[in-house]
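Both complexes below contain chain A, partnered by chain B and then by chain C.
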Partner chain A sequence: MKRLFPVFGLLTGVLLSYALYLALVVAPTEQTMGDVQRIFYYHVPSAWTAFLLFFINFVASVVYLIRRNMKADVVALVAAEIGVVFCTVVLVTGPIWARPVWGIWWTWDLRLTLTLVLWLIYVSYLMLRRFSSSGQTPQIAAVLAVLGALDVPLVYFSIWFFRTQHPQPVIGGGGSIDPRMLHVLLINWAAFSCLAALMFWSRYRLEVLKREVEDTQALEALLETPRGSR
Partner chain B sequence: MTYLYAAYFATWAIHIGYAIYLIGQYSRLRDEMKDLQSRK
Partner chain C sequence: MKLTRATLAKDLRLEWRSKDAINSMLFFALLVVVIFSFSFDPTAEESRQIAGGLVWVAFLFAAVVALNQTWARELRNQVLDAYRVSPAPANSLFLAKAFGNFIFVLMLECLMTPLFIVFYNLRALGPAYQLPIVAVLGTWALVVNGTFFAAMSLRTRAREIMLPLLLFPISIPAVLAMVEATTSILTGEYSARFWIVLLAAYDLVFTTSCLLLFESVLNAE
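For the complex of A and B:
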């Protein structure tokens, strides 16, 4: 697996470069918004990738709560962390796109607000994992993750069921998209999914190593403690 | 075009920032592992 990592990294780099070229050069210019619409090729795939990672976090948290499996706990933590990275991209690129198109950076529209709440839920999850020293932290975090995941379908379907400032979905929501734009969108999503997989792989290995080192340090500290003071 | 480049730049800044954070964590962990091995 270690040998595959650089190969996968190289392929991801090539795919991301190709996706960038498609987004900036090949994709047709949208008639109403002009070139600024190309933010779409980074904004939407980042949102889809974040949703996917939060879903992985949800499944891993359920598995952890049922089986107390440590691998599931690591998967949940890593998925939440990388999900927050992608959700941050969504929350940053969205206002940059909104400013020239809507004339405002932000509005307390349902979808935007729910996306911000989603980000805050998973940041809270990561803070809990980082700063709580209780032995029950993984269980509490898993419960928070299961409850937090309820916000994902709310974010996704908010534009279907409520009138919002945010545009309708481009796929499956009655909206239409030029096939060339759809092609570029899907290539960008594939590229960002590969990047997320690469980050996941690195972060998973890091977390496993970190836990091994912490266990060894704890064992050493126990062995070094004089008998009388135990 | 400024907004477009700003959005793309921000995206890569976030991803590169996270990659730098991971590299920092790896190097810190490597030091701790060396320290543990030297104490054996």
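For the complex of A and C:
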């Protein structure tokens, strides 16, 4: 497994550069928006990856609550961390794209708001992990993750109704997409997923190692105390 | 159920004698009202539009003040640890605490509403009988999650600051529903029914899940 890591890293690098080439050079220029639209190839794959990671976080938290499995907790933590990273990318690229196209940086549109609220929930999840005393962290964090996931449909409905009530002219969404664009989008998504998987992998190994070190240190401290006190 | 009643009675009696929570909440909410009133200086028409938001933001902040104190007194003399080793079900403790906070925050709302009416010159143009429904459902939404997250943040450093950090993101749909329902009743422009249904659904989902998960928070080790 360990030897596969650099190979996988190299593959991800190649795929990412190929996807970049496709997005910047090969993909056709959009008619009305022009070159700005190319940010689409980063924005959308990041969003999909982030949502996928948040979903993994939810599943891992449920598994942890049922099985009390340490690995599930590490998976949940790592998924939330990388999910927040990709979600941040989405929230940063969104306004950069929106400004020249819609003329505004931000609007309280359904998808935008949902992404923002998700980001807030998972940042609070990471804060909780950061602030809680070590032994109890996995359990209460898993509980928070489950509650956060339950919140998502409620957020969705509330914002959906909020927006249908005050309609706004946003997003020329829907419609069809040029098959070449779709192709580039999917390649980019594959590249981003590989990047996320790579980050996930290394972060997972790091976290497992960190916990092993902590356990060893705790054990050593336990063994040493009686000698010191005598 | 008996246990819930006993804990609730104990908390209410303590509160009746000390009046810590209600006094600090009341004064805090009053300050928020006064500061908002200065900073917006609205006319009657505008205040109808923004009052829903102001009222609930004030109550939300004030509720956090009370919620932070919920579990603090159980920490002294290891009461909470004693509770954990006793065979009493965790949920009856949770329900008692949640009901206690519910009563405090509702009391606060009853006392503060006249002040709001005076300061902001309010008169409901929509069906006013819906306001108490929104108040009860909204308060329960805040309090059930708040009590739960307060128990959670007991396990953290910087406890007092942790509660709002956990509570606010999760409560966004509930707060949105409360504010929109109140605004729609005050302005009478559209129906509040969807928001009341949403609040009820929120209450249902989170009451159930808090009851299911409270045990693992109380016994987290």
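Assume the second predicted complex is superposed on the first by the 197 of 230 C-alpha atoms of A that agree within 3 Å, B and C clash if a C-alpha of one lies under 4 Å from a C-alpha of the other, contacts with A are read in each partner's own complex, and residues count from 1 in each chain.
In this section, contacts are C-beta pairs under 8 Å (C-beta built on N, C-alpha and C of every residue); 3 or more make two chains touch, one makes a residue touch a chain.
Here the structure is a predicted model, which means the values were calculated and not measured.
Asks: Under the stated touch criterion, which partner chain does A:208 make contact with: chain B (first), chain C (second), both, or neither?
Replies: After superposing on A, A:208 lies clear of both chain B and chain C.
Asks: So, does A:190 touch the first partner chain B, the second partner chain C, both, or neither?
Replies: Touch partners of A:190: none, neither chain B nor chain C.
Asks: Considering only touches as defined above, state whether A:159 meets chain B (first), chain C (second), both or neither.
Replies: second
Asks: Mind working out whether A:33 is in touch with chain B, chain C, both or neither, as first, second, both or neither?
Replies: In the superposition, A:33 contacts neither chain B nor chain C.
Asks: Quick check on the superposed pair: does A:63 touch chain B, chain C, both, or neither? Answer first, second, both or neither.
Replies: Neither: A:63 stays clear of chain B and chain C.
Asks: Output check: A:151 vs chain B and chain C. Expected answer is one of first, second, both, neither. What do you get?
Replies: Second partner only, chain C.
Asks: Could you please specify the touching residues of chain A with respect to chain C in the complex?
Replies: Contact set of chain A toward chain C: 65, 117, 120-121, 123-124, 127-128, 131-133, 135-136, 139-140, 143-144, 146-148, 150-151, 154-155, 157-159, 161-162, 165.
Asks: Mind listing the chain C positions that touch chain A in their complex?
Replies: Within the complex, chain C contacts chain A at residues 145, 148, 152-153, 155-158, 162, 165-166, 168-170, 172-174, 176-177, 180, 190, 194-195, 198, 201-202, 205-206, 209-210, 213, 216-217, 220-221.
Asks: Which of the residues in chain B come into contact with chain A in the complex?
Replies: Within the complex, chain B contacts chain A at residues 1, 3-4, 6-8, 10-11, 14-15, 18-19, 22, 25-26, 29, 32-33, 36, 39.
Asks: With touch defined as at the start, can you tell me which chain A residues reach chain B in the complex?
Replies: Those in contact with chain B are residues 20, 24, 35-36, 38-39, 42-43, 46, 82, 85, 88-89, 92-93, 96-97, 99-100, 195, 199, 202-203, 206, 209-210, 213, 216-217, 220.
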